[in-house]
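What follows is a set of structures to go through.
What follows is chain A paired twice: with chain B in the first complex and chain C in the second.
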Partner chain A sequence: MAFTKKVTLKSSDGELFIIDRAVALQSRTIQYVLEDTNPVDAIIPVPAVDARTLSKVLEYCKKHLIDLNTDFEDYSKWDKDFVDAEVWMLYDLIMAADYLHIPPLIDLICDKIASMFKGQTPDKIREIFNIDNDFSKEEEEDFKKKSGWAFK
Partner chain B sequence: MDIITTEWNELPKELLELIFKRLQYVQDMLRFGAVCRPWSLVASEVTQLFKPGSPILLLPPVNNNEAYRLFNLSKSKGVEIQLEGTCGAWCCNSWNGWLLTINCTPPYAINFLDLMGGVQIQLPPAMAFEHPPPEISSSAPSNPICIFMAICCNWAELAFCKPGDRRWTTLECRVPYKDIIYYKDNFYAVGQSGLVQCEIGEELKVIPFALRVKLEALEHAYLVESSGDLLQVIREVEWEDVDAAHPPRYYTSTFEPARLHAVSFMVIKEYHQPSLHILTLVPDSGSMAWRYVGSLFGSRWNFSSVFQGTIREVEPGCHTIKSHGAQVARDHKHDWLILLILVMIAIILFVFIHPFYRFVGKDMMNDLKYPLKDNTVPGWAVPMYAVLLPIVIFILFYLRRRDVYDLHHSILGLLFSVLITVVITEAIKDAVGRPRPDFFWRCFPDGKDVYDQWGDVICHGKDSVIREGHKSFPSGHTSGSFAGLGFLSLYLSGKIQAFDRKGHVAKLCIVFLPLLAASLVGVSRVDDYWHHWQDVFAGGLLGLVVAFFCYLQFFPPPYDNNGSGPYAYFKMLEELRANRQPVHSVNVQDAQGMEVVLPQQPSQNNGFMALSLDHDATDSLDQMEAGRR
Partner chain C sequence: MDDLCNKLICTRNENLFDVEDIVINILSRLPVKSLMICKSVSKQWWRLISSPNFMRLQLIRSQENPIYVFYPYSCRCHSEHFLTKIDGETTETLPGCNRHYFRGMICSFNGLICCINTEDIRGMIRCRRIRRLDIHICNPATREVLLLPQSRGSKESPKIGVAFYPRTNEYKVFRFFNPAGKSHDKHSECEVYSSITGCWKGIGCVAHSPWSSNHICINGTVYWFIRSEKDGLIIVSILAVDMEENFSVIGIPEEATLRTFLVSFEGCLSLVAFHVFDKNRFHMWILQDSKKSTWVRKCSDYMSILNIKQVQHVAVQKNEILFASVQQYFFYNMCSRTWREFNWVHDFRKRLSIPLAYTESLLPLCLISHCPLGI
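Entry: the complex of A and B
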């Protein structure tokens, strides 16, 4: 059986990405697909991820594969720039990383999101992340009562 | 760019948890939980951690750039907390949710930080105080007319100020103070010369307060409020030389609280932090309240110490004659009964039993021809100094210590010591029947000696005198004196801790004083020609041995660490301690497992101190707070 060097991924909106097998193997999900079916020059569909997000994820995978001799400093700076994105982009990225199962990328995005919470009031967080307030007035009062100091 | 609606509130739970784990501060975590329902589920664990009512430790940061940590004692979990304006400052005290921080660099700005509302009050800087920063206490800071009192460091005198003042006002009292506390509308300060109360009125008045102490050089006094009681805790510091290159190592040997009913500390590991604060969270009007229980381990004394075990109690629940006297006597009713029987036996031996009339020949008379003399120490005097005098001393000790066990057992032991000695002495006297040195003149008052066919004396003196003349061995005066005074000597050596391994040899003078008196009595018997020296020697030995036996029945040996009181006293203390615990543990349900080992701080290899906080502290603090409002 021929050992394929290239893998083709197909995003949800139909775009094809031809990448090195080693790059694709960073995703546990794709790794399992390749091990199970071992498709020869076949196209692996990634139905949960659109092209824009997939290209970004693959950018991360390539960076973390190719430059193995890049030192840690460079990586952390690159990572920092990588996640310096819009909030909706972060959402797509973390969902994609979760679907494709790329642990280092999940960690990276979680760190980024957590840092965005620092020192923000619940109202401000809802504004940033575009979340509706689904608590009743009574529940809000209860928060204030129990640990009001945290909300001032 | 097209707008994409993202559903952050529908983020998978495991991803949310991953994000939540990365939050550093309690504030952020609690706020995270208040964003929306799915998020509040993720945050529920931490919200539980800070439920009102659970005791929390506030751990100061090891380095300046680190955060304060809140540590929940009952859950053994902790989180970091953001305290703004604490950078470069250190927390030296806290009350009711207020945190007092002092800047480490001149002019030592003093900040009062409200943990609940984030309000800051600037106090006049501590420039005048010199480093290290002073002890500061305050009346309820939320009160608009609050007053801050501090111990200035140059003379350790008291100073006060109100918020908005530009400088501290010093009080005219040049007594070095060690600690200060606000307790029930007054300030209390403790110093080398004792405890004073500072009345807050039109002007501040400093008046001496009842609880007076004299501190020794290596003793430190602290004031702690607990369960509505004002505790004065004396920390005794000892030191030992490590080697010539290093300075001596100081460690705390004992804590002695003047009233111990509520808090018991159990410190099980080393702790190097300059301060440690115990805070409790209790439901309060619309906010989390932080209650200050005590900062025994602040602020000026940066000590590293290992202490183990519970605190020695100075004033246990007093057991006096009134409260427990009848009970103790009842417990020992059989001993008292036997004592009565011993008295009767002694009387029988003395009055009814005829002594053995030992053979006394003519050639033995050389040693028995000493003149008849009166007793230098009359017989009735022996019970006076051998029984009544020690009892008076026991009573004096009782008046000071209020310990009925000590009084009862010392008296019982003494009486037994004397009576057993008397019975043994009388029995031997009657059995041996040795003639006294003045036997010749007792037997032949006119000086004409008559002997029978075997050479034995045929006395024509008074019967009772002759009978008394056959009671030489051993000396009753001496054995009684040694039994009584020897017991007293043992008792005193226990009470003054004569064998505390500190080499205060002068204490032995007190220990030997009763023995000297007893010896002189013995010598007087020889001088009066009532006894041979062997009689006195044997009597003294007998009395001493019996005294030892009787003393050790009730008291630990004088060289024991607990030598200062009877076994029953220490047993009572232990029972007191054991009984106290279950009462407390029912008060707060989630306060079980209060003794915790705090997690190791990663940056330094310091150990931590774990504290056992008394459980009903929160309750009574609540009451206290309610009373203040």
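Entry: the complex of A and C
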């Protein structure tokens, strides 16, 4: 057998996660590492992701392993609950999903964050997502004049 | 192991919004109205949302969710000018653009809509009627409206067609007209407006002129129906004008002469036609070779739900054909061969409505970019 069935991931804060190879392969970054170097029983470091986030990402990967017995309808409810998290958690998750390259997870979180922007004022969006307002007062007034309709 | 580590080296970004790819990915999922608000969140967001690449990405996402817009109006009441959007079973009014005449909505492409409005103006000489034509290009989502400059007067209603070039976002308006004062001369002339130059340019007399402004634009080529006479018979064919302003004529299938509508299906010119002998059957034809005028039949079915004489407009998006009569809309699914009726949320039934396939976009009306904030 050329490949090991289990893979060990090491988070940025040193915690080890022993998981099925199939679960890990949902991350294209890890898939690339495994295909390229085929480490036997090696520990794959994931220096950009801490243990708390990594365990959450792996929870997603385990759930989304293609399983013929699972009803696809189950996923949407499960996914909805999965992203029903604090903003900071979503931040960490999307950074991890981007780094590990898990496209369906990126889509899921992007949709969630986009839905949080809908119907909000610029002030509220800046507050929720901690963004600095670098516009001058005049520029802001100019905006309100030109596209004030969108703010109603 | 060193090799492994090198592959996984990453500098951690403290702020998610420093990673532009992620911000773009998130923002491109929003409707245009939300994007207009997000533009004023920060200079970075303003720059991202205003960039042509972002507009393209937003359009691609928007195309995954095609909708229809329609303008319901009653002949008695011209004061209500609003455009309504069908999104599944919900109907939403698009406010703004009130002053403009969606009644004359003639085409929609990538979020831009062209509306024409004719007005009679009396000339200096008595009884000579000259028609003035206002052509508006609007983007209802960003609420931009552009009135094209007036062109030469015409004795008859000019025939219009709009060509959109997806790669450059440029559009051209073709206007066929009978020059005022030349009543003995039946030849039509053609003028072209380009969104790059912002003005009209005459291209002289043309051999064929469309018989209505009903047209379709596919990959930069515009198609209209034309009529010609041969041995006492009226022959219907299609006039095509490409991006380089080359004119050509395409024949239509022999069976498709009773009642025919131009539609776009999967990027090809297509016809929805009613059968000459079998009057409640329709066919959809796809143009395979424009030089040889070869058409392939895509689908064919009985229309049990509506009398074909009542069909006023036909539009196609994805796998659905929309058949619109004065009071009812029916969708036909080409895969499942099933029909469904559109449920009107408001009572527009008594009014005439013209449906157009529509995709919400951020595309600008002028290609000369304005940067009011100097960013």
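In this text, the second predicted complex is superposed on the first by the 146 of 152 C-alpha atoms of A that agree within 3 Å, B and C clash if a C-alpha of one lies under 4 Å from a C-alpha of the other, contacts with A are read in each partner's own complex, and residues count from 1 in each chain.
In this section, a residue touches a chain if its C-beta (ideal position, glycine included) is under 8 Å from a C-beta of that chain, and two chains touch if they have at least 3 such contacts.
This structure is a prediction, so every number in the text was calculated from the model and none was measured.
For the composite obtained by overlaying on chain A, chain B and chain C cannot both be accommodated without a clash.
Once the two complexes are overlaid on the shared chain, A:129 sits against chain B and chain C alike. Shared-chain residue A:110: touches chain B and chain C both. Legend: residue contacts after superposition of the two complexes on their common chain; A:143 is shown touching both chain B and chain C. Touch criterion not met for A:16: it reaches neither chain B nor chain C. When both complexes are overlaid on chain A, the residue A:42 reaches chain C alone and has no touch with chain B. By the touch criterion defined above, A:33 reaches chain C but does not reach chain B.
By the touch criterion defined above, A:99 reaches chain C but does not reach chain B. By the touch criterion defined above, A:120 reaches both chain B and chain C.
For the superposition on chain A, the stretches of chain C under consideration are 3-11, 129-137 or 219-227; the one running into chain B is 129-137.
Shared contact residues on chain A (touching chain B in one structure, chain C in the other): 91, 94, 98, 106, 110-111, 113-114, 117-122, 125-126, 129-135, 140, 143, 146-147, 149-151.
Against chain A, in their complex, chain B makes its touches with residues 4-9, 11-12, 15, 18-20, 22-28, 30-37, 40, 47, 50-52, 82, 97, 115-118, 286-288. Note for the complex: chain A touches chain C at residues 12, 29, 32-33, 36-37, 39, 42-48, 91, 94-95, 98-99, 106, 110-111, 113-114, 117-122, 125-126, 129-135, 139-140, 142-143, 146-147, 149-151.
Residues 1, 3-5, 7-10, 12-13, 15-17, 19, 21-22, 25-27, 29-31, 33-34, 36-43, 95-96, 143, 372-373 of chain C are the ones touching chain A in the complex. If you check the complex, the residues on chain A that touch chain B are 87-88, 91-92, 94, 98, 106-107, 110-111, 113-115, 117-122, 125-126, 129-135, 140, 143-152.
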